[in-house]
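Each of the next two complexes has chain A plus one more chain, namely chain B in the first and chain C in the second.
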Partner chain A sequence: MNEQDLRKMVEQLVEQMISKEPSVVGSDVTISTTPAASTVKAASNETKTTTIDPNGCIPDITKIDIKKQFLVEHAKDKEGYLAMKAKTPARLGVGKAGARYKTITMLRVRADHAAAQDAVFNDVSEEFIKKNNFVFVKTLCKDKDEYLTRPDLGRRFGPEELEIIKKTCGNNPKVLLVVGDGLSSSAIEANVENAIPAIKQGLQMHGITVPDILFVKYARVGAMDAIGEVTGADVICMLVGERPGLVTAESMSAYIAYKPKHGLPEAKRTVISNIHKGGTTAVEAGAHAAELIKTMLDKKASGIDLK
Partner chain B sequence: MREELLSVGIDIGTSTTQLIFSKLIIENMASSYTVPRIVIVDKEIIYRSPIYFTPLLSIKEIDGPKVKELIEKEYHSAGIDKSQINTGAVIITGETARKENAKEVLTTLSGFAGDFVVATAGPDLESIISGKGAGAHTYSKEHNTSVVNIDIGGGTSNLAVFKRGDVKDTGCLDIGGRLIKLDPSSRQISYIAPKIQELIEKYHLGIHRGDVVTKEKLMPIIQLMVKGLMQSVGLAPIDADFDKLITNKSIAREERPECISFSGGVADYVYYDVAERGPIKDSFQFGDIGILLGQAIRNSPLYTTMQVVKSTETIRATVVGAGTHTTEISGSTITYTKNTFPIKNLPILKLSLEDEEGGEAILREAVKRKLQWFKLDGDLQKVAIALQGKENPSFKEVQAYAKGLVEGMQELIQRELPLILIVEKDMAKVLGQTMYYELGYKKDVICLDSIKLDNGDYIDIGHPVAEGAVLPVVVKTLVFN
Partner chain C sequence: MILKTQLFGHTYEFKSLKEVMAKANEEKSGDKLAGLAAESAEERVAAKVVLANVTLEDLRNNPAVPYEMDEVTRIIQDDVNEKIYNEFKHMTVAEFREWILDEKTTGADIRRASRGITSEIVAAVAKLMSNMDLIYGASKIRITAHCNTTIGEPGTLSSRLQPNHPTDDPDGIMASLLEGLTYGAGDALLGLNPVDDSTESVVRVLKRFEEIKQKFKIPTQTCVLAHVTTQMDAIRKGAPTDLIFQSIAGSEKGNEAFGFNAATIEEARQLVLSEGTAEGPNVMYFETGQGSELSSEAHHDTDQVTMEARCYGFAKRFQPFIVNTVVGFIGPEYLYDGRQVSRAGLEDHFMGKLTGISMGCDACYTNHMKADQNSIEDLSVLLTTAGCNYFMGIPHGDDVMLNYQTTGYHETAALREMFGLTAIKPFHEWLVKMGFVDERGRLTEKAGDASILF
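Our next item is the complex of A and B:
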């Protein structure tokens, strides 16, 4: 039972299907249309004239705003239902076909599920890390599998990595910003470029500057404790991808702690969760995080100690 | 976190003056794992004054000192000192708003009633306040429907249409219970309002000041008033009489609201069921035509064909609205670099969407150009700039907003006027910080969000609450005729 092997298998299968159909090789037909096209051919031998538009594609159903999609037929009060739907991303008012979902609903659930899986299994791209001048480090995890099965390793670094961290952050920095992939690489790519400048600007208001930003691959939230331990930072703010769900795969959290060390009780971390375009926006969360960091420095506390 | 705000509501109406004290309870409704979301969670009325007749010096002037005396007395009997008051509103309504000294009386009273007690006037706001006080707004939200509330007072009828909790439209008609006054015992007419006099003459109803009248004699003019109300909600075709009865504007007639509710003094007799509560002893007991008007409405299609909702307040709807529904709470992530509150009577410069969407340079020029509108004798006044903002802005977009605004507001900076921004979308904290950065941290900035404003509105901003996280805000109009 290995997700990666399964994915490879599916990829091979799809590849074989494409190579059986010479007319589409090299074209950018989306995978889903190809089997359909070949079935048509197999079903009736005479239809040699089937034309395939190499640029054609089906509309992206994930672009539909679920809050505005209403599939109930003959609704008594559509407007009222939509007013209710505007308040929740839940899949309400999806109608039915017999006892089941309609096709579009079923496809959308699968598409959202796929996006969630991709968010977990994909890596934050190297170009993204380079573009943002992040300093790359990795926890003790060898690969995604180990990352998912061994949370403890996602909180620790090898000696070489610790050296890089020390070199990057210096001794006893006031504030460190750290980015960790966590369970959603999509969340990181969608939000950090807007959140980080907002945090930096907010801190600058109080005369606080931050050293270079670390990017931690295979990161659990606890990785900030290891970084706090070796650097002696006063406050660490770690932006980390949240476990994706069907509502969004792009949700990020900012975990902020005062003098984090190994064994830090979770209650001492302050968190801003649900940073995504449908939740707290990245820029506003960044501005808020900056203020929280300042408060922590003033009160020398974080988490429930701040309340 | 749970905090209470003590709020006062004072209504100086055509015929009555009233006061209430209420508690507004604010709480952070967000979990500990997200940004705070501080909102008003509950409202509780803790004191209601008796209903006084509004003291007048003459037909054109309010007796200011007498009103002040009444209010002083009520503060005393409620055992509340003005220093305890956090927020509230004094509203001058109906015909009283058209008195010569309405503005002075209002300003004196608001200062006297508490530091952050807002002075307000204007028929549209009055309609909204009374409709909310009557519970029409809550009913429309809870029952997922549309409700028109008609607040029928002594001098005017204020209409407000609510659809699913949102204000859709407002209107005001010169129809009220005290437009004809008479002696309760002799039944001799002592006053007829000018517009009513015109109607009487037009239809040759033969009603004059000084006449001793009967119910039957008055019914035709009362039916004309009922017709006006029916026309306003689309139950009768418009004619010239209707245009005459409109104070400033009426409501749109295209979409008739599903429900109707009544408030104001006359409403007590709209809801009065003779079959259940027995005959009304004396229709002229208040020395006016209020009871007759109320019962005539009850017997009209307004009551018989529309779905009637019982309002939660009748004669006190406006004062309850003023005390409990005027204060809003700003968004919970905002910027203010200095506590200079309260700031009162700020006029609003609302930017258009085109101004906002064109980028930095267009925004800058729009702000510069529109600021000129707020010059009085060539002198720029205090003004708050309102904009819609973006749903999910990038940091670069925020920077463009900040730069455009700061450059556009140079004239305010030169004149050492405060920089106040009010955004509809949730982006005030980052926008305020970015502007502060652009200003080199040399000029203070106030940037609030989650408040919707329009040109012509005024805004008052109170002392920060909830450990400084949010600001109480009152959006209002100031219209005196």
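Our next item is the complex of A and C:
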């Protein structure tokens, strides 16, 4: 049987199936095969004429200001609704398709979630670490999965890594700056290049310099305790990526502690959180961190002990 | 009690019933983190085989935390009806599983059995259930409770309207609240998670809730989910509240970490019964979630399914109106991905019902977990099949205060339509009167337009 015979046979079978269908569905339903066949033909004609517009581009849906987007059809009071919507970042006034979401809002939620997932599951790039002259170390986690499921391992280092840390930071440094990827690589890449110069500049005004900066891969906040333990640093300031929300995937925190050691109670860390374009800017946060570091050195305390 | 079996000729011997219980669990990252999980797929099945042959009596006699040490254990053990227990105690877990699934066993039979078993028994039988077993078993059991309205009646599916706001702005909260109502959300509860846990703030929000409830004559209940002691303070200062909320754990130590004990809860219950605004008798609202005990080092080397079952045993003492597991909130170190969240959601719902409490589910996930909106839509369909009492309702499923994703207003509406369900009867009638749904409970063109309520 050649290809042509085969095609003919399939066509016959399909025709038989279509002609049988009405009796299967029920006698009150009649299905005419002719329009269906012509539809298929029309569709295939269309396919032939499809052209791709090389200059076209669908607008970026993430540029839409959600607070001003309004999709309720025939709303009783659109102006009042928008005024109300302005009071909250919640995704209101989205309308519906049946009891489901409209396509545009459904896609926007997926896009915002995709940014959050990429921030968590992608690594801070090697180029970024190199460009900033960070000294690379890694916690005991062997991969991202282990990092996410074993917070205990993200606070500790192997002996070789501890040697690198000691060599980089020296004995009893006054202040250490550390960068940890945490739960958002995007937050690190978006903020540290602005935050670090601001911290350094603030510290210089008090005559304080810092040794080379460590970059810790698979870092939990508690990794700073292990670094404190092995170096005997007076104050450590660790910049770390926060768990992303849908509003932004680029939020970073600065955790600062006086003489951090294993078992340091969380309340003894001072935190500047929400560092991103729409929150506290990296430069502002950096200047604030420098002042906090100075206060901690003077008062020999951090966290609730500062109050 | 035998703690040894062979599988494919290999001998598996366990040191204790506690070890069998932990290793019989389906795979969860939290049990691994605790160092309690089975080390291989075969060992997991071996533990299930051993557990299948354990009697309910052995389970009762080996609570996860000793009676003398822990008030949660004492509450669970003291509330057992000894007569009913004696009817069941010689059954093995395998036999008890088949009794629950048997077509001759009715929902009423299971509700009666609930009074004669402990949380360890509840957990054990869940460990021998497949996902469909959990759905099939749970679908037989209807648990109703009454605050101002009755939740859990056949033919209904409810929703807690959760109008959270990043700064508790009263107008922002109202915006989410009004829109949610038009989608039919809020028959279980209008309930806010506050940012500010101060009494003043709680009083302010509760008063706004009461105003809206009175203005539109909405048959439902209200609550602000601050710490239990803050809510008590708010009631004493005259705040109108129908329900008192608290997150709970499966051990006394876990509850201490949350800042309360059983006496606090009973005091709160008596207070809201005498000075709250609800009809009652069910005036408590609890939230739980697998892994919370481990996170406060209060798990006593017990697996997270067993500790979760103990939350329900504790909750039952206080005759709650609603209890829900916040199943995917805790993060991937306890529930790794969508699959583990789904399994936990089905386990928790089944265990809650087998315990005899009115169960809902916050089907949710955080952004550092391998899950997405599809995962929780799947779970909400499965749980509706299982006869879950309620889900959360949040604008587009995105909680802008707690920074996680859960079910939206649209989800409960779609589930009701697909399964032929409505909101709680008086609330459904209110929705029909307002024109937001038709007689069958399907959304109308007016649904989603909050400006109708301005």
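What we mean here is this: the second predicted complex is superposed on the first by the 223 of 307 C-alpha atoms of A that agree within 3 Å, B and C clash if a C-alpha of one lies under 4 Å from a C-alpha of the other, contacts with A are read in each partner's own complex, and residues count from 1 in each chain.
The rule we apply is simple: a residue touches a chain if its C-beta (ideal position, glycine included) is under 8 Å from a C-beta of that chain, and two chains touch if they have at least 3 such contacts.
This is a predicted model, so every value here is computed, not measured.
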item	value
First, second, both or neither for A:P151, with chain B first and chain C second	second
First (chain B), second (chain C), both or neither touched by A:N194	first
Which of chain B and chain C A:G241 touches, first, second, both or neither	neither
When both partners are placed on the shared chain, which of chain B and chain C touches more of chain A	C
First, second, both or neither for A:P173, with chain B first and chain C second	neither
First, second, both or neither for A:A99, with chain B first and chain C second	second
Touched partner set for A:G222, first chain B, second chain C, both or neither	neither
Partner chain in contact with A:Q117 - chain B first, chain C second, else both or neither	second
First (chain B), second (chain C), both or neither touched by A:G80	both
Which of chain B and chain C A:A285 touches, first, second, both or neither	first
Contact residues common to both interfaces of chain A (with chain B and with chain C)	77, 80, 84
Chain A contact footprint on chain B (complex, rising order)	32-35, 144, 164, 333, 335, 391-395, 398, 426-427, 429-430, 432-434, 436-437, 441
List of chain A residues in touch with chain C within their complex	72-78, 80-81, 84-85, 87-96, 98-101, 105, 109-110, 112-113, 116-117, 119-120, 148-152, 183, 243-247, 249
Sites on chain A touched by chain B in the complex	77, 80, 83-84, 193-194, 197-198, 201-202, 204-205, 253, 271-274, 277, 279-288, 290-291, 307
Contacting residues of chain C [partner chain A, same complex]	29, 32-33, 163-166, 169, 171-176, 178-179, 183, 332-333, 336, 366-368, 372-373, 394-398, 400, 403, 405, 408, 410, 413-414, 416-417, 442-443, 445, 447-452, 454
